[in-house]
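Two complexes are shown next, each including subunit A; its partner changes from subunit B in the first to subunit C in the second.
Here is the complex of A and B:
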């Protein structure tokens, strides 16, 4: 991997206008994925199959919100406010993948676990691809996030092994796989500014290569659990793309739900409960 | 150990799993701890609503953490209850889902707005804190130990609840009015949280005699009123005219209990209130929906023949 040595990394003040646009696109994708994934995962709190799995999924959701906050903080340092990042941003400007916005069916723990797995593998690949980023403030944050994502992936792997140990569980995981796979592929849809992102060294791998790596990781593992992985080039893809701001209806509903109170209350600024980072 | 000895020895953290406790003690302690554990779970059904509604990222994170803490507390408390050897956790969770399990009156009222967040997180949790602080001196040591950790974490919840209240009461006039209306609705429920004074049950007398409880409902409610009426007023809330609150000769405050709807309270105690059906029904349906997972886990554990990894 052709990364950027520390000494040559660039800071906020060095960014050209064009670079900043590309960097923001990258950061919004990172942040939005984490935020929306976490928002969905919290739906499992109190509803998980056991008290222990409830605690674990809550941990993961909090980690993901925490990561979202890290990435939104970087955007704040580029001049955005929290309302501009979240509460007042038009839903068609969000660039998370379609996978994370999917609603959960009642009791569909197979979806929760498999989605976590597909997402966490992609997340690790993406974080590794930004570990050598040319943007210094981003590089500073990747290490901690990678560590936590490793724990999430282990959690998902353990669960998948358990659920697929009996026929009923395996059938449910297979259903979830058939359902989620086309949406998971949207994780690797090259959004706007993809070429610039790589060109400026913000990410050191193009998404096409990340997609290959992801398939080479998830397919053999899932097949080892006696699951059938759909053929990526043959699955019917949704019309929406995610990364370009087009989303499924499930997203609009989710967005309306989580922004409703913010709009109703009209506080001057969203409450922060920690010292602001600089 | 006979009951006479239990009564004589009763004191803070006096008994533990190594003691041969009489059945009446074990049953009473189980009832109390199970009620407490159930309340943590059912409180979560209310509190989880606020995660989606939270109007800032930090508030959302804090709420997620709070809901997680509640499940963590339930886990600790069920474990403490199990040390009495009367019921297993699975049995207690089954009772909760099938409507036999009892839990706090306030958690029989479904919530649907952010204005209710501080009612639960500040006032109800604040009331719970009053009670829980005294339970650090309960005679069943595993219960007292659980309280150490729980009280520590509840402190953060109440602070966050107060911060939500402060923000709402510094909002627009309409926001302040909605918050006051919500408070008016919740206030009597919160006062009933401590139960009626005049018909303190046989359970309570026995509980105090053997050191499971250290103070009366009446004392707890007065301690809550003395602390929380000034706090509510400080944030600009008006205490509703009814139920009437009066000052006693010793300067402490008390409630005219006749002003409260005890029929509703007793209906709730039997799990027969409208909201009870809704909340318990939700618990039951959610548990049934993931029943297949627990079956799948059982089959994995028996086939793998290994110790399940506890953390997940």
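Here is the complex of A and C:
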């Protein structure tokens, strides 16, 4: 499907109610993936195996938070507030993929590297599929993000090549691949508004097509590292879907953790310096 | 692969940063602006990046200035999307524009295309960055 030329793109004021609902679904998927992925990556700070890798992963997390902010900003322009997007949003309304919410095993660097790779390839494919979007404010932001994502992929590929250079390392990456692969497939689970998203030209490729592209990219690369890629149609799939708001238990824990400070601050009852006088 | 032989790759992997394509229209520096718009550009010239002593105009971050009556709209970008100084910069830019006589309200909007890259820094900006110790 071809994209929308610049001159024919639509702005916020042109959206019909139906279009807005579909657009919001697309934006929440984008934003939630980036936010939750970043949130998990920050767990590596001060624990990554070398100083360079520590700085690199912190930087990648910061980039992903930056991208999440770009997409949540577009939702704000459609009327949402930050608490509605993040801090007060019910955890069952989040539509990120299951891959990004998975907890890391203690010191499982192979997981962090492989997860980054699987996610970043999917991210590139998805961004390319919205580069010719019909929604002008979204189109403005895609090029910049794609440029930044290149560095993330390069980082993951470099590390995967190093980790799989001996049997021990390759075994760890293989374990991570077997563990993460079924969850990674949830990146391409169509959400409830999938058909409208494509029909209105917000994204120019259906997720099914993106899934094929992703498999055709990650499988040959991982196999070139002597890894065995599970058969996508044969792996045991989790009951949860991610994109429809169903999530694994790990998500509930993560959500409680990153919203805890917000609730502790008790914005409804501002702190006072002195006890209330009688 | 045995680990006691050198790998068939460079000793240290590295990331190659590219300068990006220079844009024919950017950087915008307000050189052609007149009247109050020129005054706004002058005021924006005084705003420095919070992390480096370089004017944000020389960095090529300002994409457009337009004045209508006593209102001013500044379009700008950020060097990268995760820039933690975003709110500081937006506020500094709005405050600077509002110091101009004749402007009572300034709005700052962010734009991400064309994508900013080092080629959009002015020659003056590159000199300042080199003085600061960056290789550009």
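Criterion: the second predicted complex is superposed on the first by the 266 of 278 C-alpha atoms of A that agree within 3 Å, B and C clash if a C-alpha of one lies under 4 Å from a C-alpha of the other, contacts with A are read in each partner's own complex, and residues count from 1 in each chain.
Basically, a residue touches a chain if its C-beta (ideal position, glycine included) is under 8 Å from a C-beta of that chain, and two chains touch if they have at least 3 such contacts.
Treat the numbers as computed from the prediction; the structure is a model and nothing was measured.
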Subunit B versus subunit C as contact partner of A:216, first or second or both or neither: neither
Partner chain(s) touched by A:90 [first = subunit B, second = subunit C, both, neither]: neither
Touched partner set for A:62, first subunit B, second subunit C, both or neither: both
Contacts of A:239 with subunit B and subunit C, given as first, second, both or neither: neither
Superposition-derived comparison: subunit B or subunit C, residues of subunit A touched: B
Subunit B versus subunit C as contact partner of A:267, first or second or both or neither: first
Which of subunit B and subunit C A:144 touches, first, second, both or neither: second
Contacts of A:165 with subunit B and subunit C, given as first, second, both or neither: both
First, second, both or neither for A:231, with subunit B first and subunit C second: neither
First, second, both or neither for A:155, with subunit B first and subunit C second: both
Those residues of subunit A which subunit B touches in one complex and subunit C touches in the other: 62, 65-66, 69, 155, 158, 161-162, 165-166
Residues of subunit B touching subunit A in the complex: 41, 44-45, 48, 51-62, 64-65, 67-68, 70-72, 74-75, 78, 113-114, 160, 163, 167-168, 171-172, 175, 285-286, 288-297, 299-300, 303-304, 309-312
Touching residues (chain side subunit A, partner subunit B) in the complex: 38-39, 42, 45-56, 58-59, 61-62, 65-66, 68-69, 72, 82, 86-87, 106-107, 109, 155, 158-159, 161-163, 165-166, 168-169, 172, 257-258, 260-262, 264-267, 270-274
Subunit A residues within the subunit C interface of the complex: 62-67, 69-70, 139-141, 143-145, 147-148, 151, 154-155, 158, 161-162, 165-166
Sites on subunit C touched by subunit A in the complex: 1-3, 7, 9, 13, 15, 80-84, 111-116
